[in-house]
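What follows are several structures.
One chain, subunit A, links the two complexes that follow: it is found with subunit B in the first and with subunit C in the second.
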Partner chain A sequence: MSDKKAKYQEVAYYPGCALEGGGHAYNRSTKALGKKLGLKLKEVDNWNCCGAMEVKNIDPKLQTYLSSRVMSIAANKMGMDTVMAPCNGCYHNLKKAEYDLANDPKSVDVVDKISKKAGHDTYQAGQVETIHALDWIKEAIGEDGLKERVRNSLKDVKIANYYGCMYTRPRHIFPEKDQGPGSESTSKPHFMDDLLEAAGAQNVDFPLKTACCGGAHTLSDSDTSTRLVANILQAAEAAGAEVIATECPTCHSGLEMHQIRAAEKLGLQSNVKIIYFTQLLGLALGMKPKAVGLHENISDSFAYVKEKGLA
Partner chain B sequence: MRSLAEIGQRLDTLAGGPPRPGNAAEYLDLGEEILTHWVTAKGKEPTRDEREGFRLLALHRQGADKDPSFNACRETCRELAYHYNLLTLEPEHADSEQRARMMGLVANHLYLFIAGKMENEKLGEFCCASRPVREKVDGV
Partner chain C sequence: MPIHEKSLIRPENLHVQENKEVDGVDVSGHWSTFIETRVVKDYNEDLQAEIEALPGGDYIHRCWQCGSCTNACTVHALNPDFNPRYWIYLIRMGMESELLRDKDIIWQCVSCNKCTYACPRDVVPEAVMKATAHWLELKGHTPKSHSTIFDEVFSEQVIETGKIEDGRVVRRFFKRTGQKFPPSWMITMVKNLFSNLPVGMLTRMGLANFIKPRTSGWSNARDAIREYVAEQETHHRQALGLDDLVKAAQKEL
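Moving on, here comes the complex of A and B:
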């Protein structure tokens, strides 16, 4: 068993705020998938917001602290060495905090002061490794492991894999990526493609896999977000996809909501289904649609998964 | 230089017609024009340099300087250059129409992303991977 394979069998789980709310289907399907695969998740005790976009834009050092507290609890209170964050925003922020604490003495000082004031151990860079749900499944189970377990192949499912813009950017906070064969790529990410292909899916060539979905503009300029999403949906359909697989709750919700809005406001109808990769893998492993939270998605893909023999 | 609105209209016109591999050069030009708007709005002189053979990529790099949120269109620009190469190096390829269609959608995404950020210029830094807004105010 490789080092990572062994290490990722049990990880600290940081769902983050979105997975407690609009992204609950991702939460449910991630936990259900882990259980089905025999992987253990230990939810971070009394976790807090990672600082998301809001805090980071007002006070970046405070965001670094908030993310560091999550890692401190995982390391110092729970004794874990790996934190798995399925949300791109959380994943990005924890990686950014890790980078700041390893490279910026001012951040170290601010985090230490606030941690002492809050009464917990200060997180030290390198105490934990933060990974995404894609890393977790890819390393702990791998393509071969998935192939062995597939009960309902995704063989007739044509998928555009959509990673969003925060999974790979900025490159310097992801030192493990772009390390040659086997590692994730920041310019052409492929871990989700690899996993779904192992489950039998047909991945289409999708040029907007890391393009902006307009998530940050959703409230300040909804029309821009709608047009960006409509373009992604059109591109996915033009590429031959029936499904857009997602791995970020913000992107997922944005795609779902603006799919409806694009039809209503712009007259741009699209039929492509938006489904979390964890839901697709769960279905491939023989889990029921409700067990992976398909009913919690905004878009209705029940008929589609039934037609494909996945329900 | 055309206005962003005119560029958007031209992209709509191209999208309304059949996908033509011969449109590759125009899509690339449109991409450069879009980036030129961004660079100019940031008070810089748009570069004439090339990066990996494309002015488009040099303009993107210039636009992203000290502005990490702008990197959210990095791969969109690279996809535009990639599709240009596909269409010009293999114009008779069986997939050329499909490639031209996809290049149009990629160019449109670049337009929507930058036009959106320009529209929100007062919030232009307010993006997923942005620098903090206070950095401008008090140097925090």
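Moving on, here comes the complex of A and C:
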């Protein structure tokens, strides 16, 4: 068993606010998938919001503090060495806090000052490793492990894998990426492609894997977001995809919401289904649609899943 | 991909003559374009220092104008007037009046970080866009954008309780921006959602309106954060000379 494989069998789980709200389907399916695969998730005690996309616009160091508190609890209170965050925003922010605390003395000062006043240990860079749900499944189970466990192959499912912005950009906060074979690529990410392919899916050649869905302005500049999402939906359909697989609650709800809005405002109808990769993997492992929270998606894919023999 | 670059030449100062003949030679059209000269006199020599003092503006001095940011920009592809390279140039030159010509679109940056990814000098153009948008608002050149209002509503709730609940943020945002709630597409969205949702989930969502999700024992962190934010605000007011601006305005009145 490789080091990472052993390490990721039990990780601290940081769901974040989105997974308790609009992205609950992702929360449900991630937990269910972990259980099915025999991986242990220990939810971070009394966690707080990482600051999402918004707090950094008020003050980036404040966001660094918010993210550092989560890592501090995982390391100092729970004694964990790995935090798994399925949400791209949380994952990005924890990674960014890690980078800033290792490289920017001013951020360290601010975080230390607030942490002391708040009454918890200051997080020290390097105490925990933050990973995404994709890293978690990829390392702890791997493609071979998935292939052994597949009950309902996703064989006729044509998928466009959509990773969004926060999973790969900016490059410098992800030192483990772009490290050659076996590592994730920041320009052409492939972990989700690999996992879904192992579950039998046909991945289409999708050029907009890391395009922006306009998630930051989904309500404050909805027309821009709608145009960006319409691009993604149309490109996916043009590439022959029936499903867009997502790994971020903001991208996911952005795509769902602006799919409706694009039809209403721009007259652009699209039939592509929007499903979390954890839901697709869960279905492939033989779980029921409701067990992976398919009913909590806005984009209704029950009929599609049934047609493909996955329900 | 070449960028159709924006320059300091204003479109209204470009003169192209449709039909022009000089000494029997036809000089009609684009190649005989005449540019009306103008003199720029009103520099704000502190512009770069002011933006640098705001969160995100820290590394603007590193820029060497390669244009990678604009080339990579998501919003530039939708609107060619959205041009981070040009704005960074204006800020570093102190050309405030030119910058103000684009004041209504600078806030539209979607934070996709493609510019930050492409930048060879680690300027973090994404953060510079945010700092510039805040500078415009703090100086009173533009009212608070919807984006800023959303950031504020969101951050207030995080600072208050340690966590957010989507529904409350959205409702507060619509209220504070004076928009009709809910918009029609949101009704369609909620209808789609409710067609499949079980009762338990609906109850849980409804309860979130009354029982705010919160991090327990958050009050110390909240106080420490508020103290820090207040310190920073004072610092920004000083850096931008806002108190002097207010005094000067009061004198005039």
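Note that in this section the second predicted complex is superposed on the first by the 311 of 311 C-alpha atoms of A that agree within 3 Å, B and C clash if a C-alpha of one lies under 4 Å from a C-alpha of the other, contacts with A are read in each partner's own complex, and residues count from 1 in each chain.
By our rule, contacts are C-beta pairs under 8 Å (C-beta built on N, C-alpha and C of every residue); 3 or more make two chains touch, one makes a residue touch a chain.
The structure presented is a predicted model; accordingly, all values stated were derived computationally and were not measured.
Taken together in the superposed arrangement on subunit A, subunit B and subunit C clash. When the two structures are aligned on the shared chain, A:P170 is found in touch with subunit B and with subunit C. In the superposition on chain A, A:K31 makes contact with neither subunit B nor subunit C.
When the two complexes are overlaid on their common chain A, residue A:R69 makes contact with subunit C while staying clear of subunit B. Comparing subunit B with subunit C, more residues of subunit A are touched by C. Of the two partner chains placed by superposition, only subunit C is touched by A:G21; subunit B is not. In the superposition on chain A, no contact is made by A:K95 with either subunit B or subunit C. In the overlay built on the shared chain, the residue A:H217 is in contact with subunit B and with subunit C.
Looking at the shared chain after the overlay, A:L208 reaches subunit B, while subunit C stays out of its contact range. Residue contacts after overlaying the shared chain place A:Q234 against subunit B, while subunit C stays out of touching range. Contacts of A:K273 after superposition on the shared chain: neither subunit B nor subunit C is touched.
Overlap of the subunit B and subunit C contact sets on subunit A: residues 53, 56-61, 165-166, 169-170, 211-212, 214-217, 220-221, 224-225, 227-228. The residues of subunit A lying in touch with subunit C in their complex are 17-18, 20-22, 24, 46-49, 51-62, 65-66, 69, 110, 113-114, 117-119, 165-166, 168-172, 186, 211-212, 214-217, 219-221, 224-225, 227-228, 256-257, 260-261, 264-265, 294-300, 302. If you check the complex, the residues on subunit C that touch subunit A are 55-56, 74-75, 78, 108, 110-114, 116-117, 122, 124, 127, 130, 134, 145-152, 154-155, 158, 162-167, 170, 173, 184-186, 188-189, 192-193, 195-198, 201, 208, 213, 215-218, 220-221, 223-225, 227-229, 232.
Note for the complex: subunit B touches subunit A at residues 68, 71-76, 78-79, 82-83, 98, 101-102, 105-106, 108-109, 112-113, 115-116, 119-120, 123, 125-130, 132-134, 140.
Chain contact summary for the complex, subunit A toward subunit B: residues 53, 56-61, 89, 92, 165-166, 169-170, 187-188, 207-212, 214-217, 220-221, 224-225, 227-228, 231-232, 234-235, 238-239.
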